[in-house]
Amino acid sequence: MTHTQKAAEVPALFTLTTGPVNCYPEVLSALGKPVLYDYDPAFMALYERVMKKLGKALRAPDVPIVLQGEPVLGLEAAAHSLVAPDDKVLNLASGVYGAGYGEWLKPRAESFHEIRTSYNDAIDPKAVEAFLAQNPDTAVVAICHHDTPSGTINPIQEIGQIVQKHGALYVVDSVSAWAGVEVDIEACCIDVLVTGPNKCLGCPPALSILTVSEKAWAKMEANPTAPRASILSILDWKDAWKASEGFPFTPSVSEIYGLEAGVDRYLEEGPEAVWARHAKTAEAMRAGVKAMELDLWAAREEIASPTCTTIKLPEGVDETELRNKMKEQYGVVISSGRAETFNKLVRVGHMGPTAYPLYSILALTALGGALSEIMNKPMDIGAAVAAAEAVIRG
Amino acid sequence: MTHTQKAAEVPALFTLTTGPVNCYPEVLSALGKPVLYDYDPAFMALYERVMKKLGKALRAPDVPIVLQGEPVLGLEAAAHSLVAPDDKVLNLASGVYGAGYGEWLKPRAESFHEIRTSYNDAIDPKAVEAFLAQNPDTAVVAICHHDTPSGTINPIQEIGQIVQKHGALYVVDSVSAWAGVEVDIEACCIDVLVTGPNKCLGCPPALSILTVSEKAWAKMEANPTAPRASILSILDWKDAWKASEGFPFTPSVSEIYGLEAGVDRYLEEGPEAVWARHAKTAEAMRAGVKAMELDLWAAREEIASPTCTTIKLPEGVDETELRNKMKEQYGVVISSGRAETFNKLVRVGHMGPTAYPLYSILALTALGGALSEIMNKPMDIGAAVAAAEAVIRG
Amino acid sequence: MTHTQKAAEVPALFTLTTGPVNCYPEVLSALGKPVLYDYDPAFMALYERVMKKLGKALRAPDVPIVLQGEPVLGLEAAAHSLVAPDDKVLNLASGVYGAGYGEWLKPRAESFHEIRTSYNDAIDPKAVEAFLAQNPDTAVVAICHHDTPSGTINPIQEIGQIVQKHGALYVVDSVSAWAGVEVDIEACCIDVLVTGPNKCLGCPPALSILTVSEKAWAKMEANPTAPRASILSILDWKDAWKASEGFPFTPSVSEIYGLEAGVDRYLEEGPEAVWARHAKTAEAMRAGVKAMELDLWAAREEIASPTCTTIKLPEGVDETELRNKMKEQYGVVISSGRAETFNKLVRVGHMGPTAYPLYSILALTALGGALSEIMNKPMDIGAAVAAAEAVIRG
Amino acid sequence: MTHTQKAAEVPALFTLTTGPVNCYPEVLSALGKPVLYDYDPAFMALYERVMKKLGKALRAPDVPIVLQGEPVLGLEAAAHSLVAPDDKVLNLASGVYGAGYGEWLKPRAESFHEIRTSYNDAIDPKAVEAFLAQNPDTAVVAICHHDTPSGTINPIQEIGQIVQKHGALYVVDSVSAWAGVEVDIEACCIDVLVTGPNKCLGCPPALSILTVSEKAWAKMEANPTAPRASILSILDWKDAWKASEGFPFTPSVSEIYGLEAGVDRYLEEGPEAVWARHAKTAEAMRAGVKAMELDLWAAREEIASPTCTTIKLPEGVDETELRNKMKEQYGVVISSGRAETFNKLVRVGHMGPTAYPLYSILALTALGGALSEIMNKPMDIGAAVAAAEAVIRG
């Protein structure tokens, strides 16, 4: 029996991944509510109510859009909807997801440009400024806020202000950061924010959340290649939030119930309090990692995400063996890297229901224990936990 | 306060629509299970198990594909994946959904053809035979099994055998019939069946189910315009059911839990028993409708769907007023028509948890009562119920 | 295979019994919330909040008491707690439950007296007046508000005012009426009201609800035989509702969650609205029963309970055969009689989630159909449904 | 604002108490299933099935009895049912619960005797042997297996064999040990085992579970003071498990659903595996406690319960302050002492869903952190966690 087989038989006790994460209990309860007909006026009223509350949670000027598929749908839809055949597009890639987004932008644009950094670093706003100064006709700039496979955060506000100054549209993928850190849509000058409920909001994966500025609506409406009558259409859903309008197709009713519960919890707890516990959990985790003499993946601690801690794999350690051992022996499931970061790092998510500082203790213990066994060399788990606990106690 | 406003405030007691329908209790319970990480080996094993059980429920030769969006995604994806730029395509349209499917086929094909009937009728296999005899190079034939906005059933087996004889690929939309009536994939020679769990399987709307024949896989793989690395890709998901493979993107974990519960229930109850109660419910409903001297929409009773009864709106009756009154006064929600059938008929679904004969009594009482009031003319509810009950008692 | 065996294998579609009834969806959702430690201050605060809301629902002057067992516990506990060895006690018995209560009172009292009526009738207040005039030293008078096995209602307000005038304590069992009909504790001069959440409040069976007047507290405290440190103790729980106090033993945490959801729903819908739909459902049911030429059990329609309709079994019909046939053929489960009323009547509950008028249609159809078959003589189901529907339409 | 007020507002993240504990997810899901009528043949069949599975989980020779209230009901009922007015009774008291049981035995027996030890110790079988040798007419011997307020285990097998040899009935309270440690009913010669689903089985508190030997049934049946027609009656429920019999009163339907889910999980995981993880969790916890230089309450480690670790409060530490700080700062809720052990110790439960070794890490970190702050003296949390982790890794 291989490690993977054994890990498949052991129930996960603690899912400390970068998403899907387990949901808040309120969300799990809400998912089981009776399913209503989407054209039942009661559901239409509920949908409007949820969208408005979601707008409040987003602190968005307008009612947001929900697309009926997990955030890759929102991301792909945004690329299809915004990029017109005569557009010059700039993609900012500091990691696997940022770079991947280029694959959707490129075939739709007239010219496609990219600023890249190494995948443990963040985009330098100066490079954006320089590009836009030279390319004032750039129509769309895209960035990934938190490039999850690296666990690093880009300076979306600084960059956003530059983008706005140059008149381009600004698309931000904040799927795995929003609701765990502040995203000030107006200060960041975001035209299209794509996020989802399945990370820091503590809901299941099945929906995309988008905010769309007036400028972005105008661009989509003018774009002849923007999808219409398609799952990829954002335009179709523009007014669907209104109780008086129909839906382009059946919304995912149960997921909308879950979304409402997640948004309610977020607003009741208070966004600032939620962000603070995300930050503290990550801070405790990083303190423990360093105390155990492991290396953070992020080039600088200030760009390490509050919603995910990324740890370099020690020389010679296989990530699958490590993660399977953590699961089998401790019941802890964490995330692997992806693509270029695969087998170079592991990732511990701090998202929604797992963004409580004590979870860092669990992750550190399981990580330290499993590494000790694999490397046949004792990690200082005691030091790690003590360092994390010191952060928690503050 | 308008009728719609009042109806929005009244909770629906009985959702007797053509979908979404409420779920089986087992499904509602399953939706609230803890969300696992999709790359947790335990979830990967679960996903494989569910796909295999689903294959058993479909009586499909191969493991089916689940796409992560309600069946419109499966339908759009099938059109994109199968139709190559040099294809001649035949669409069979006996209703709003069948005709609508042409909108996805047409722009992708070299030549697009359509056989239409009036929207209360079914496609004549002889017309298909005639077309294919004259157009032996037809690559794809598409049909809607149960055109829900009309409540009518097409003869998919007879037509399928003709299509196969002529060597075309056969795409069947059985979203609102499968699991409520028999769909024999092999006898019907279906290459791509598109269905969903949110109708007769009693699950929420959020997933598409597809079966794909070897011939259909080959066609997609050879098709340069078949989506890849897209929400619309079927190819991306070909091997995703295997526990050893990754997912193209995050599956809708909670919905997969619900799907398993729905499939388990279907298999435990026994497909033949499930189909029988769908048929009996519809039969009782039709008996009652006729006894109340209302007209069925279907041109002939033998093409009336076992999963939906469609009733012509009496002269002068507004469908919104009727449905709102049924909701306010009786707590019964039924479906309206769509597009060309809107305001010409109303529809009572018999799907999954509502495909029990006694629900016909509720629908008849509410329909009769509301019509009596709107038309200011007493409908014979007693006769309707007595006729339906006679069918139930057998 | 016997009827009972077959009925055991058929899932109940509609539980139209006199309790347990199925719960409101909100209650079912609440039952699955994470279980907290009873001494977790968060649970203690929750418990106080629930008790206060329950008091509001009861319109009780003081915070009510919840005992941790279904209402038989509350009833037995009240008898043990109130009746002292030197008490003269009067029991008012108009049915199986009222008479049964005497079995708990009798062994604890010095002298036990009873006023009985036939089991399809109600207690005559004049008889109570006469007894108390002759027995001014009577300490406790007990009555069953709605004697469920008969489906009849006693005039608790008229009698309560007589009891109060004579200075006795007044114990009212309103388990199956409260929350379905008005119970005005002050106008009825009730000292101890015993009820439960598992009937008209739409919660599961597992808790007793009691209101206790100051006079009743004083009597219990003075009673040397009142249970203490026992599951039967009411005194132990006097202050347990306060977040600052402990519990005598562990409360049924999940059931308390369910109770909160039931109370919230009751208060949100509005007690008057809830009572009205109970009354209307029963009225429709009775109209249908009479139209089908069956006999109500209640001697006079004005004493027929709004929460339960009791129908005399036609000559020669076996109640088990009838109920099993209703279940097997229609999926409808109703209640049998109990003890003296067993096999003389059947009962259809109108309680909480089933107290919506349309349920009467289901019950009438299933009852009429099953009787037609058993008696081999057609019942006029059409007339029954038409009569009930006329009541619904108003 | 007091500590208690703040703790009331903070949600518990980890309930690591000695019960109620949170439930397994399967149990939480099961609680929300539709409530059936207790006399629905489908429920009667379900009840029989659950009781038989429970018997299998208990490895009991006969079908067990479930009483409809949390285990204090079972305990009180056993005392009332077994002890006849002419009985000589021996109570074995090594803690608060064992001693408390005497309060129910004493008033019912002719003569009541007790063997006591200090509350951090276990009963010496030799003392039992000596008593019974001198008192061969002893009718009933009662013992608490795991005296939860002390966290200590009594040698129930050794004592049971002595009791049997002397012909007395042997009543064992294993509420907080069964399903977490092996209880071999036959080897321990237990006549009445009282336990519950709300500790190591991971269900909510609301039911008692009892096994009753033939000898014990005979004693109850012969006992004129054994309760009948009472919530306290065991006799009433003797045959209630049979699908063909009625219930003495309404069982707690939802809790029975939860019980089935808990039993299913226990049997699927395998009792031996469940016991092993309870033992390992406690072992890790104790290793950590000692490494932090705190004292275990138990006089000897071999009598420390595998389901609960009890830690002496350091000089000058107030238990309420400690527990509130653990909750506020770390989200961890643990149990206090009770009565004589109150404010002398705190208790960490290892029961069912929390009997996984990694929970010891959480408890140690929170305990160490809170004590460091309260005592203003750093506890060596690192050493504690390292010691516990070493046990986990094995």
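Should a chain be cited, it is by its letter among A, B, C and D, assigned in written order, with residues numbered from 1 in that chain.
One rule holds in what follows: a residue touches a chain if its C-beta (ideal position, glycine included) is under 8 Å from a C-beta of that chain, and two chains touch if they have at least 3 such contacts.
Given the structure is predicted, the values throughout are model-derived calculations rather than measurements.
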Most distant chain from chain D, judged by the mean position of its C-alpha atoms: B
C-D or B-D - the one linked by more C-beta pairs in contact: C-D
Centre-to-centre distance between chain D and chain B (centres being mean Cα positions), rounded to whole Å: 52
Geometric centre distance via CA averages, chain C-chain B, whole Å: 44
Distance between chain centroids, defined by C-alpha means - chain C, chain D (Å): 34
Sites on chain C at which at least two other chains make contact: 28-29, 32-34
Contact set on chain A toward chain B in their complex: 4-5, 7-12, 15, 17, 19-23, 28-29, 31-42, 44-45, 68-70, 72-73, 76, 103, 198, 204-206, 229-232, 243-244, 249-255, 258, 324, 327, 333, 335-336
Chain C-touching residues of chain B, taken from the complex the two chains share: 13-14, 32, 329-332, 356-358, 361-362, 365-366, 368-369, 372-373, 380-386, 389, 392-393
Chain D-facing residues of chain B, complex: 25, 28-30, 32-34
